[in-house]
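Everything on this sheet refers to the single structure shown next.
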Amino acid sequence: MRILISLLDGLLIGFVYGLSSMGLSLIWGVMKVINLSHGAIMALGMFFSYAAISRFHPGLALPAVAVFGMLLGLLIYGVAVHRVISAPHLSSLLATFAVNMIIIGVGTAVFSTSPRNIDYSAGALVLGDIRLPGSRLLAAGASILVTALLYYFLYRTRSGKAIRAVANNRLAAGLMGISPTRSLALSFSIGTGLAALAGGLVATIFPFTILSGSTYEVKSFVICVLGGLGNPLGALLGGLVLGGIEGIVPTFMPVSWVPVLEFGLFILVLVLRPGGLLGEK
Amino acid sequence: MMLEVQAVGKRFVGLQALKGVTFALAEGEILGLIGPNGAGKTTLFNTINGVFRPDTGRIIFRGEDLTGQPPWEAARRGMARTYQVVRPLNELSVLENVIAGACFGRHALSVRKAAVVAAGVLEMLGLSKQTCQPAGSLNVAEKKRLELARGLAARPYLLLLDEVLAGLNPSEISGMVNIILKIRDSGITILMIEHVMQAVMKVSDRLIVLDDGELIAEGRPSEITNNPVVVHAYLGDPRDAERLMAGGRA
Amino acid sequence: MKRWYQVGFWLPVAIMLAWGAAVWAGGEDAAREKAFTLIMFVGLASSLNILLGYTGYVSFGHIVFFGLGGYMGFYLMAVCAWSLPLAALAGGVVSALIAGLLGLAVLRLRGAYFALATIGINEAARSFVSNFEPFGGSTGLSLNFSVYQQYGGAGKALWLTFALMVAVTASAILVSAMIKNSRFGLGLLAIREDEDAAMVMGVRTPRAKTIAYMASAFFPGVIGTLYFFKNGNVEPGDAFQLHMSIELLVMVMLGGQGTVLGPLLGAVTYQGMRGYMLTSPLFKDLHLAVAGAVLLLIVLFVPAGLVGWLRGYFPKLRRALE
């Protein structure tokens, strides 16, 4: 029974992990860029939601966080990513990492490293012996909703299809009259918006500092590789796998071994099936 | 026999790229490999060279079975290869590119000895003035000659040329054809994929024709041009053309 | 290709040895401390350059060899009472061997996948060591102060460590120069430019990459042991800082990747900038942000780094700036 509770707990968090990795996965899938500022953006999302939730209803605050993330993404794309989009991978890795350093640097100066906590309680769902915190259920629910919206966008709207075309073959898409820059910028900003939103959701569950993003960033790498870089559904599944592991393992091993397992799995998947368990898209 | 390709087959998911291709190449020959686009010519090169492992069949180079060996084994035994879309080592200088070819080819030369070989080859190919320029700064024709120089510097027994004439203008083509003949005269055997018909007909001792993964014809250039199977492969059924011109439907 | 007597070849090594000799002769503790840190980074950056600059494989987690080698060397000194030089050498050898093993798995990966794998390796190593009792688990290991008596007291021990650090870094630079001007190095550069073409040319790519990886891991292992000896203790948080790893990357890029002089210039410049910012009231809290901005500017506008820029501006000096 204890294992079941742990597992459910882990899975609920897993949805949020999945959401956070989706942004990373999308950006990689569309433009082959690994956004190393992903964690920093999540952290900013945490702070933004902290500020917003104390003033507005979460139903309003969280979409605002997402919009904030998207605008930030547009800025980052224009300044740092656009010039190196066709350069060798190292350039874009370093460019996004530089952005990461800038955000963390400024953030540490402005916010200091003391932890913040959002005073937010949504009660709990009680099923017999099982007690599921409301905030986690809502976060998981929000993640699923957003995933569905993302899929709708990518497969049913014109902009979404344009993005998929550019991801498939940038040159050909351009020749067909789709502006690659527009699609690239849009997908980058959606990616960062997802990251910020995920950060905002995490903030409703755990305390955070400006440095909290880095843990999630590393987890996001693991998840993206598990689920296949570029495959948003894979990201969600990968998140569930990771969440599940984090839920179950502490019941029979000291918690400190969890990272070892996570990274061991990461390296194993990279080496044996670099395309991820579900394959790249 | 310089090279024997025996019943080589290669499948990629959903596509049988090569179906039981068999032919032999004698020392000192120039063998032209022609066929419509998508016939599998570059795939064949890739299996001979070691980039792909054939699913069936064998590759015998100078009596040694090279099937499935990694590409550097072929290089070290004296097989050099150029690419259809040239692959220069962009940030390195022209000279360094060719030295690299010489260092890792048939003889494992030291950098100093390789430099001497490289200088000679570059002179032969008319690139002596550009030796210190980065390879990425050359124009297309020069890059093709660089690619060739890199292959020659390895002192190969067999040179595989993949559409070395593509993208060249007529005067560049005739220059390159002369170079190819000089290479053969120096004792190197050549297997070349080409689409530039008049050039390959002029230069080749024999031709083999690939269509849809199969070897459909083999023989001297004069025999091949009149071979109806070959014409069909390139142009389609001649009777369709007659019907169209008579006003009917194909 | 330079011969050993040509300026471009011996200049960086000479600079390192001269610098070390000057500090040694001066006998001042403060100068030694400052130089120690700088020279350490020069050595680390030079070894990363062998993998990154020559072979073109981007490692974000290179610091793992500093940590693993350092832990091994430290263990040998603290628990098995080995002497510093021997333990440091062992630290390097162990690092190289681990790199050889890891390489079998990860060197098959290309580009971004390899970079991610190196991060994973670093994080895995850190979590593993935190749980590994013989290495002290999450609290790490400490040196009994009496160990320093072996070397004639703490003061003498620190000078010895400094001398060894200079020797290791000079060796790293020398090896870097030797590789760059050798047939082996040419093979690595070919792999960097176009790995598939290199294979077809005849370069035994798996073997070449593995040797490069092992060479790039050896020096950090030695350096780590020296560093932790001086520190007196080692713990997982210090040994596997991803942050430090990335700073190495910045140093190599700033100075000019793929050159011998680059890591030296880059390390000195970056540390100089960092030192300045930490003491300046204006930039104190922002040094990370400024470093980030500098990195961004380099990547966007001067990808060849300082050495590349200098070679462009002073063509006459090209022979010396290698």
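Letters A, B and C name the chains as they come in the text, with residue numbers starting at 1 for each one.
We take it that a residue touches a chain if its C-beta (ideal position, glycine included) is under 8 Å from a C-beta of that chain, and two chains touch if they have at least 3 such contacts.
If you're wondering where the values come from, they're calculated on a predicted model, not measured in any experiment.
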| item | value |
| --- | --- |
| Most remote chain, CA-based centroid, reference being chain B | A |
| Closest chain to global C-alpha mean, per-chain Cα centroids | C |
| Rounded Å distance, chain A centre to chain C centre (Cα mean) | 32 |
| Distance between chain centroids, defined by C-alpha means - chain A, chain B (Å) | 48 |
| Approximate Å spacing (C-alpha centroids) for the pair chain B, chain C | 44 |
| Touching two or more other chains - residues of chain A | none |
| Complex contact set, residues of chain A against chain C | 28, 32, 34, 79-80, 83-84, 87, 89-91, 93-95, 97-106, 108-109, 214, 218, 221-222, 225, 254, 256-257, 259-260, 263-264, 266-267, 270-271, 274 |
| Residue numbers on chain C that touch chain B, as the complex places them | 1, 181-183, 186-187, 189-190, 192-194, 196-205, 258 |
| Residues of chain C that touch chain A when the two form their complex | 58, 60, 105-106, 108-109, 111-113, 115-117, 119-121, 123-124, 126-128, 130-131, 138, 242, 246, 249-250, 253, 285-293, 295-296, 299-300, 303 |
| Contact set on chain B toward chain C in their complex | 49, 51, 70-72, 75-76, 81, 83, 87-92, 96, 99-101, 103-105, 108-112, 114-115, 150, 154 |
